[in-house]
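For reference, the structure is listed below as structure tokens.
Each chain carries a letter (A, B, C and D) given by its place in the written order, and its residues are counted from 1.
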Amino acid sequence: MRKPFAITLDPGSSLANHTGTWRTSRPVYLDRLPPCNAGCPAGENIQGWLAHAEAGDYEAAWRVLTLDNPLPAVMGRVCYHPCETACNRAQLDEAVGINSVERFLGDEAIRRGWRFDAITERSGKRVLVVGAGPSGLSAAFHLARAGHEVEIHEAGPLAGGMMRFGIPKYRLPRDVLDAEVARILALGVTLRLNTKIDRLLDAMKAGHFDAVFLAVGAHIGKRTTIPAGASARILDAVSFLRSMEGEDRPMLGRRVVVYGGGNTALDVARTAKRLGATESIIVYRRTREKMPAHDSELEEALQEGVLVKWLSTIRHAGDSSITVQKMVLDEKGFPQPTEEYETLEADSLVLALGQDVDLSLLEGVPGLEIIDGVVKVAPNMMTGYPGIFAGGDMVPSERTVTVGVGHGKKAARNIDAWLRGTTRVDTPKHEAATFDKLNPWYYSDAPKTMRPTLDLLRRQSTFEEVVGGLDETNALFEARRCLSCGNCFECDNCYGVCPDNAVIKLGPGKRFAFNYDYCKGCGLCVAECPCGAIKMVPEEI
Amino acid sequence: MFQIRIHGRGGQGVVTAAEMLSIAAFREGRFAQAFPSFGSERTGAPVVAFCRLDTREIRLREPIMQPDALIVQDPTLLHQVDVFAGLAPDGYILINTRRTFDDLGLGEFVRGFGAGHLATVPATELALRHVGRPVPNAALLGGFAAMSDLISIDAVAAAIEEKFRGKVAEGNIAAARESYRHVRRAIQEAQGAAKHAQAD
Amino acid sequence: MLKQTEGSRAVAEAVGLCRPEVICAYPISPQTHIVEGLGAMVKSGALAACEFINVESEFAAMSVAIGASAAGARAYTATASQGLLFMAEALFNASGLGLPIVMTVANRAIGAPINIWNDHTDAMSQRDCGWIQLFAENNQEALDLHIQAFRLAEELSLPVMVCMDGFILTHAYERVDVPSQEQVDAYLPPFTPRQVLDPAEPVSIGAMVGPDAFMEVRYLAHAKQMQALDLIPRWADEFRAAFGREAGGLVHSYRTEDAETVVVALGSVLGTIKDTIDDMRARGVKIGVVGIACFRPWPHAAVRNALARAKRVVVLEKSLAVGLGGIVAANVRTALDGRSTAVHAVIAGLGGRPITKDSLERAFTDAIAGKLEQNTFLDLDHAVVDRVLARERDVRRSGPIAENVLKEVGLGVTRAG
Amino acid sequence: MAYQPVKFYQTGTFTVGNRLLPPEVRAVQANMRRTNSLNSGHRACQGCGEALGARYAIDAAMNATSNQLIAANATGCLEVFSTPYPETSWQIPWIHSLFGNAAAVATGIAAALKVKGRRDVRVIAQGGDGGTTDIGFGCLSGMFERNDDVLYICYDNEAYMNTGVQRSSATPFAARTATTEATGPDPGATFGQGKYVPAIAMAHNIPYVATATIAELHDLEYKVERAMQIRGARYLHVFVSCPLGWGHPSEDSIRVARLAKETGLFPVFEAIDGEVVSVSKIRRRVPVEEYLRPQRRFAHLFQPTPHLEVIGRIQAHADRNIRKYGLVDAGSE
């Protein structure tokens, strides 16, 4: 049509007007480190595998998960999940049930028989792993994946270390453990059981190993001198729990007292209940708040009828009774003795006061530094002796399966670098995705799903697993509660809320880009990004 | 050119009367122009309407100030408005009443008007009888046709039919025709009486 | 087909024959009968494919017409007086956007004091709003001008105002020749808009134009109206050929061939003037009249020609530019630029004051005798205004002028409603 | 919510789209091929709520009508920033006539389309609060009363922003504008609570009346789509924030709009044939201070010390809305 001059205009002609010149600061996309990832001792990319789970692709999720941790089914049961403690969602309603989803994925993998990808290229190097506990298995897995030939020497009759000889069945069914160990071995890892190494250097030479990873754990129960009658029955927790794996179960009697405040103490007390003890009493010198054991475990124990004597120390162990001295906390929070005593009927006393490491195999290895009974290692997990690395309970650290798995991975990566004659440099971590960076409005309310728990009667009488797993629907639900803190999950908000259409949508999986020709720098995209994956940076003027 | 001025009150169909008159003239091949005394008078207020008849196009737009004929739809106006203003000597006067000019006190004023130029007719009564409403305009047009011979009663009937429909049209036509006969008779009598008077 | 009918009815039928697609109606005297007639036609189905919209104001009436026209529909409305002023903003908009809307203005005075009777103040107040303004001398011409108006508007893509005197024409029963639908269809092609709102070819109409282009836009509006000066006579000729009658054009001269005195006027008063001129001619007075059929665009050359041989010009107009005098006269003077011809404005018929032959003849005679001032107010009651002015001089709180005048004239309170 | 909620916990129904949702439950704005009816390059201020609301609404309408849409625009910010010669940002057939006649112009367009038998082409009229609640009110009411087939969208930023932030009849009580300065014994607007046109529209018993904010895109799009499914006069009143006129940071435009709803000051609902049929419940009820504080136009309510009486009166207004429209679920508090 012949359009009247000036008063009638062709559509979209304003594209000629580049309003980007108005801008004084510009939005940029970034990735921030989510608190769950930051908090995981095993260094799992939690948000990464949750993202696949959200999409219902559980195998992909499992594969991402197992890049860092080969034992998801185990971890999904025994991990004390610092990731959930750190989870930003806790400030909205409740933390995402990461641990339960991990367990779901682990169980799903076992159920469906998912296997790790076969190793393609081989390095020709041999690595000795001492100890088939969490650290050893984790290291073996990662080393094997890196193409090295791995041999595990385990002193015990079975693989698993503390996972088998420390953690009771009702927390970790053995078939689960066996399945995940088998899957690691399937990578071609050699496992020698009942193979105790006395002199490490000799063993290395004999086996032509290029490097060693030590993960013998801490299996010697700490003793303390308690005045005791001749016939007093006193055991230590480690050997007691280990003996649970044997043929004939230990005799404790009807009244059992456990001395200590760690998770092991709880494991013993709960196990005693299941063995038929009518009274299972924990004696601990501090208060519940000070107790190192995990509160969830204490809760379960109390539910099962375990009793706790707070602020108490054992002064004397007799044949059928023990004497307890009451304590009070001083202003600094340290327990101080009082003159108040109490006598408890007890058929046996189990000491759960921590464990020591058996360092005998290190004799004759030069350059090692032992402090408070543990081996000192460099940040790359290498001991003072080149090529000998160590991790798990035998190095200074919190003694959990998760930490052990983490050590295994870290050590493996550094051993790999060392074998290749390089040194590993960790990529700098992204800035933290803290809660204040989020716009939680966009997340709808969805409280955490509770895992089913076994009814009390059976918990007190049998060793069936106490905590059940999630089924597929609530696992999906739980996964989808993830806020994807700090990382774009393609919610299209920035694309939608830009008043200047200055956000370009790149398509599924490709995220977005800014069109700085038109972006006026209003900052709406930053304010309305749910997960804090955009920030404003000043323009150079 | 022949100019008619119609006096009446709002609601008596004064303007319609002028319009029908112009239609009747048009139907007989004349040029005609009808228009009201433009205003917004409401029911009951004095109203004037005009009608010009000619054999050629009418261009004049001024109000009619020297009418050749007057139609008075409401005799009570005689004492309010100067209805006779500008009336041509020996013009026509038709008044809606059953009384005579003398009864109305106009005997003196109309002395000298030709007998055929004066007539009264009870148009409102006729309207009430035939139409059922006191709208004397159509009846008066019938009377005017009889008095002036400018338009035929049939043209008036046709004009009424153009303005009204069905029963209303029929009633008005009936009223017009009766009024026509009434006036024709009255004028013949008056003229007869006039002749008689000369004969003496 | 010949008919004896009311002017408003005749216009309604003419508009109906032009196949309008959208008609906006808002009542105001004396225009009302026109839209009433059209409304009836649409309701009865006699006028098909037409939307008849009862709007809530004249402002809305013109706005609805703007929307309809921009969407490619042939749009029509009618108004008068205060109504025209109430749509003033939309009038400028319609012409500014170049929308070919046709509107009847039943000319009427503008208050205060409120007055429903005829004069040209309303149309004249909008003479510069960018619309083409045509003035009808009688009902036949009013009818014919509407048919021409649609063609003119749509060819130029400009709105056209057809002005006819309120009551004097709108309410007058006269003989008119109403053309057949075939005749009108042959003369007026279907509306093909210059620009249209259409999803198939989107445009933005009504952009904000700044100093960088506004001058040009206004110039083009002016240039378009200048084009109309050529088109209007051409279509008047075509109209004569098709319908066998004179109608429209720019100016009409009557007995001006040897006239020393030429009267200039617009609208229905031309009829009375012609009768007056015939009488004076009969007495040998060399006088004629020029009727302005198109006031906007101002037919400068045509008027200059028509008045070429005049010794004196008397502009008889029904409008007053307060503080200046005759509006038409002022335009006529520009047409006589550089000539010595005397131009007298005679302001007449304001607010429906009758314009009689006697008064006209008196005014013309005075003009010939050189006794007319530049501005003369026909039949003005000097006694009354002098007394009112005197009182205002003496008394501070002299009260409202209108009421004072009525008192003086002895009419008591106003009868207007 | 009036629309079908999507059970998706990570982002619920509130984000624009999500890679895990089927396209049909994502917002029109999530579509890579959305029409961008109001295109880039317009001259609206940074973070302009009206520019955002207009694209949201018109894109949704385009989507609902398969792009068979014509819009009439009242004078105002939207018109000025979108079509300064020689550029227009509109991708649709669009006309600007006057400040006060958008509704009437739209009526004309609708009439033309009806005559031409183009029932597939739909008409929208749009304007700001000035062009709607003040100068255009007569035409708007006329359009309603005739039930013309037009959707009128009012983008309400509560003052005459185009002319420099003067008070309109939609300006809320106590707000500072250039003609209701924050000085004297009772600073800010002192004209009651503003003219509430949605209720007036409902009083015309037109088939559809709804309110929405730029903070709830899905709700807004749902209402536009619903409106386009109905014939006759429809009215949509969209709350759009104005960083310039209200004095809040440009990035807060959506947040402020969200607070207007969450305080109850701006009820979000829809009405059929003059009766409220659904309301958008308040998710996390907040006191009006949270809404007032971020805006400089209300700064005088907090300086030097909070004017509790005035704030209380505003809170009372919010509470009245909450009662009247049932904006809070019983038991949710």
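Methods note: a residue touches a chain if its C-beta (ideal position, glycine included) is under 8 Å from a C-beta of that chain, and two chains touch if they have at least 3 such contacts.
Quantities reported herein were computed from a predicted structural model and do not represent experimental measurements.
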item	value
Chain whose Cα mean lies nearest the overall Cα mean	D
Comparison of C-D and A-C by number of C-beta pairs in contact, larger one	C-D
Intercentroid distance (Cα basis), chain D paired with chain C, Å	44
Between chain D and chain B, distance of the C-alpha-averaged centres to the nearest whole Å	67
Euclidean distance of C-alpha centroids - chain A vs chain B, Å	116
Geometric centre distance via CA averages, chain C-chain A, whole Å	93
Touching two or more other chains - residue numbers and ranges from chain C	97, 201-207, 209, 213
Shared-contact residues (touching 2 or more other chains) in chain A	6-7, 9-11
Every chain pair in contact, whichever chains are involved	A-C, A-D, B-C, C-D
Residue ranges of chain C touching chain A (in the complex, touch as defined)	96-98, 157, 193-196, 201-207, 209, 213-214, 216-217, 220
Sites on chain C touched by chain B in the complex	2, 4, 6, 29-30, 116-118, 138, 166-168, 171-175, 268-272, 274-275, 352, 354-357, 415-417
Touching residues (chain side chain A, partner chain C) in the complex	1-11
Contacting residues of chain A [partner chain D, same complex]	6-7, 9-19, 22, 54-55, 441-446, 477, 480-484, 489-493, 495-497, 499-502, 505, 507-509, 515, 517-518, 520-524, 526-528, 530
Residues of chain C that touch chain D when the two form their complex	21-22, 24, 49-51, 53-57, 59-60, 63-73, 75, 89-90, 93, 97, 197-199, 201-210, 212-213
